[in-house]
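The two complexes that follow have chain A in common; it is paired with chain B in the first and with chain C in the second.
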Partner chain A sequence: MSETDTVTDRPASAPKARARARLLQGGILLLLFALLPAVLVWFDRGYFYQLAMLALIFVLLAGSLHLVTGVAGLLHLGHAAFYGVGAYIAGLLAADHGIGFTIGLPLAGLGAAAIAFLVALPTMRLVSIYFAVATLAIGQMLFLVMQNWVAVTKGPNGVILFGGIDLFGLEIGSRLGIYYVVAVVVAVSIWVIHRLTDSYYGNALRSLREDDQCAGAMGLDTVRLKMEAFTIASFFAGIAGALWAYTTGYISPVDFDFFESILILAMVVVGGLGSLPGAILGALLLILLPEVLRDVGDVRNMLVGLVMFLSILFLPKGLFGEVPALALMRRHFDAAWPGAGERRVGWRG
Partner chain B sequence: MTAALLEIEEATRRFGGLVAVNEVSTHVAEGELVGLIGPNGAGKTTLFNLISGFTPLTSGRVRYRGRDITGLKSHQIGRLGIARTFQNLRVFPNMSVFDNVSVGATGAVGLPFFRAVAGGRRRSDAISRRSLAALERVGLVAQADDLAANLAYGKRKYLEIARALAMHPDLLILDEPAAGLNESETAELAAFIRSLRDEGLTVMLVEHDMALVMSICERVVVLASGQKIADAPPDAVRRDPAVLEAYLGVDE
Partner chain C sequence: MDPYYVQQLAIGLSLGMIYALMAIGFTLIFGVLNVVNFAHGEVYSIGAFAGLLLITAFGPPLLAVFLLVLAVGAATGFGLERLAFRPFRRFSDEASLKSRAMREATLMSSLALSIFTREAMELVFGSEFQTVPLDYLINEPIALGPVTIVTGDIIIFVAAAVMLGGLQYLLTRTATGRAIRAVSNNPLGAKYVGINTNRTIVLTFVIGSMMGALAGIMVGLYYGAIFPAMGFTPAVKAFVAMVMGGLSSIPGAVICALIIGVSESLATTFVSSVWADMVAYSFLLLTLVLFPQGLFGKGRDRV
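What follows is the complex of A and B.
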């Protein structure tokens, strides 16, 4: 093997690697769209459906925060507020105006993104801890609006919305149908986040985390890139909020408070900063573990805390750290880094 | 005389009461290799920061290819074709060597987020090619997958240069590239910088190492206390009484 092979092999070009990639990608889709639904149908318990959808919603929340905090390196302490904005847009449109899923879902994402864009304008020039405190304040402000603007949000009583999900006029009432809608929306969203973070665009975002002044000298508009990451992440948080509203039928401000933001942040950190598979694993762990431990009783939350503490202690780079995650992406999800195959080009060519 | 690629007109930068750079005027012609020297605190790095948009000018102008670039942001200047390295090595430590270089290429080629989502194959191909070619140019292909933080100090210097080369710049600004290198490494670097110039790249370098500057530069600009005291070929600079005084006058 010549020494250049390490680079030319970068995108999975060999047929064998491509077959492995298909196997892995196919496996994930099979799990999400066949095996898990089969298990759900087999047990046929509403609780399991709720749990599966909750896990998927948090996979999307952690995946979107991964874009901002893990990749672009901006410590964001108010992500749950944008999740709440999406939930309230979807919930209020459904409850007060009878506008359903087909229009409500995109509006929830766009609404959260629009608010994120506006608050990000003055915030993005702040750095490190100052940025974190600013996002904390933004999260608190949005939370207080949900809590206290009773005339619109109905305040602490929350919003009840009836009816399942309508898909272009087609009413989807069955639990399995709703599960499939959530799974498709989350899968597509995660795929978009994957393209954004596991690509040269993602590398540009990573360079902001590493040294944003230096990234500027490379010709990258750092403020603009941060704005994009923040706005796009908030869009997906809004989508997650809408899914939450449609699947539970009831939303209230406490679902979107500071502790929820911290929970999402913990998922990203425990999973591995900068790693999309890590964020997904972190979300699954912190959603499913408390449920698995339900029988343990009152010490359950302490045990969850202990698992978090130990995982950070012994796996500071996360359950699935950035370096192995990027290696996996390059080997098995080649689409994001196409065509490094060509060589022997003059460096000024 | 060939057309000036970069023209600096009475560039001045004050930090409070201190005048770090005081009405410095000079130019860099296309294809030239210009050295910038001076005792500690002479304002060399500040002048580089003024050119690359890191520090705004208090007064004066900077022109690049005849275009006024005074007041442009660093990323705008980078996109025009001015690439730089840093005095205290600023590679992206938690990214692989290849990914480090890809950032320079991405900045120059541009990859908007919607293209990334759509696959962006054409641009990503260009970025891959540029990154790989830049790594080949500095001889770091074998380390492409290593984390930049794990690279030896001397190699990190070349990584920083490769990252700048991936931008396909017309003007490369090197801030003390030989700092921390031993004699043989410095000689190797000198030969490398010369070879870049021979390929048509215009290079400007700040250096403490007088021998390096004198051996490879065609023209040397000398700063002392923020002012230009000499601007001539190395031989003339070496004999310049003002330069001798500036250097010998410093107690050491």
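What follows is the complex of A and C.
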């Protein structure tokens, strides 16, 4: 009896923090599903819809790379290729076989994850720079396949998809409808990534980033963890690719080249390695800022390089640094031993 | 043997020479700092553009062009080290030197700087090929039995040989070279025995970038193709050659660059030119997986 009491008897700060998090989540959902659509309907311009969906897709890409590069600490230089694999699976299924969104979206994710798994089998034992180089090579190889396997991918001409999104037989053709589909898919995916990283599992991945030899010595299967993180991230990249294919209706290899990988990496770096809100902010910043500055000229790519460079130099922790990974552990300590959370377990309370 | 294949082999060798030119500077910088300098490709295009600007402005003899490009390369290397690498050496304790985050910070800062430089050059010069004055192109054909080579092949071969020889001499026979090797072996130890590590690192960047810039202008005049993104492909190939050669072995990198060049030329002959790039990437993956030490490398912790 008394034991259960101590479990529920937590310091006052824990519920308060949870209430704040709830409020933030509610605010983001309200913004995503009510305010932003209202603004889009108000202006009613295709460009704004396109921009909103592009930003959402890159939020998902940055979120998925956050899992590999931010949390697990594996520098991944070929993420855009898996994004492309998803886009091509969705696009080719729709264009050549008439398979729509309901089946195409999960298949795109699973296809990208399957390729990532196969690629990961031999390369996941590599560490740091060797891993980065291997992912660069893999990304470029997949890009070459997209560009040159003309019989299947139609090469540099790209693939054109017709029609809107069909959801379980329900045809969604309006721009607002498509926006809602994209928003729901991205929100659910980001929630899954959040739950995955803000957990003991996420802390296991973080331990790989900090010292993988030590993590291995403590009994974690480092290779398996890395493979899982890589595969899951590629799954979400594939989902993002499918969304891109369905919303733009046209895909071509140049959308998935090396620079696109760097763009996604820059988002994660600028936002703060290891922080999911940071990755999301970074994605929004690097997608929206160039659009605002369109009058200045075609400076998007230059801006990406400059913002990334300056943020590495002056904001090593990013715009929105990592929330202490140990907050979760502290919460559980609170539950088990009241007051333990008051003592500082990690850095930055 | 069919002269056609001999010709393809010669083309492959000259391609490999170009990769080798690039790989020498790349490997030198990696060997000292243990970090990849992603901006090496941009040093190469800066060299090419500096040479081109000089040629169109004054039309000096070729040797003067090369000398100026060497100076520009030295300045670029100095600036590059200052901007992208020096800020991350603030902490020199052993933990920071070994820390993965510190090493990868320079990887990303050089990557970011290279993207910025390339895009800035595209903004200024446009992304298309620049016109190179015809009398500066180094592609006068020379018949060598059944095979035809051009003057550029000889110039590039001589340059690569001189660079390789000069560098080996510098590294093994001079005090500066000994300092470079000491820093490469153990930066902290080198500091303790009184080597000015910062100066040594700057010097390495200057030498490596001089070679990169020279390679840029020579290849630009060889192909007559100078454009801001010209550095990316050779940089990736040079990188592959470096990894294959065992990372810090410069002769190994050169041999592997030749292997890659010949294989690409064979792939172009027998399969198709669009798949030729696949060769280098496959080599890279195979090397990383099967020969983690590289083909010519010494033992090194990598997996």
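Convention: the second predicted complex is superposed on the first by the 291 of 349 C-alpha atoms of A that agree within 3 Å, B and C clash if a C-alpha of one lies under 4 Å from a C-alpha of the other, contacts with A are read in each partner's own complex, and residues count from 1 in each chain.
One rule holds in what follows: contacts are C-beta pairs under 8 Å (C-beta built on N, C-alpha and C of every residue); 3 or more make two chains touch, one makes a residue touch a chain.
Since the structure is predicted, the reported quantities are computational estimates derived from the model, not experimental observations.
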Exercise for the section: Using the superposition on chain A described above, determine whether A:Leu285 touches chain B (first), chain C (second), both, or neither. Expected result: neither
Exercise for the section: Kindly classify A:Met218 by the partners it touches after superposition: chain B alone (first), chain C alone (second), both, or neither? Expected result: first
Practice task
May I ask you to decide whether A:Val133 touches chain B, chain C, both, or neither, giving the answer as first, second, both or neither?
Solution key: second
Exercise for the section: Classify the contacts of A:Ile312 with the two partner chains as first (chain B alone), second (chain C alone), both, or neither. Expected result: second
Exercise for the section: Using the touch definition from the top, say if A:Ser207 reaches chain B (first), chain C (second), both or neither. Expected result: first
Exercise for the section: Have a look at where A:Leu93 lands relative to chain B and chain C in the superposition and call it first, second, both or neither. Expected result: neither
Exercise for the section: For A:Asn301, decide between first (touching chain B), second (touching chain C), both and neither. Expected result: second
Practice task
Using the superposition described at the top, list the residues of chain A that contact chain B and also contact chain C.
Solution key: 209
Fill in the blank from the handout: In their shared complex, chain C is touched by residues of chain A numbered 73, 75, 122-123, 125-130, 132-134, 136-138, 140-141, 144, 147-148, 209, 258-259, 262, 265-266, 269, 297-299, 301-302, 304-306, 308-309, 312-313, 316
Practice task
Report the residues of chain A in contact with chain B in the complex, numbered from low to high.
Solution key: 3-4, 6-7, 10, 192, 195-196, 199-204, 206-207, 209-211, 213-222, 228, 232, 274, 322-323, 326, 335, 337-343, 345-349
Problem - Touching residues (chain side chain C, partner chain A) in the complex - result: 35-36, 84, 87, 100, 103-105, 107-109, 111-120, 123, 232, 236, 239-240, 243, 272, 274-275, 277-278, 281-282, 284-285, 288-289, 292, 302-303
Exercise for the section: Provide the residue numbers of chain B that touch chain A in the complex, in ascending order. Expected result: 52, 54, 73-75, 78-79, 83-84, 86, 90, 92-96, 98-99, 102-108, 111-113, 115-117, 119-121, 123-125, 127-137, 141-142, 144-145, 147, 163, 165, 167-168, 199-201
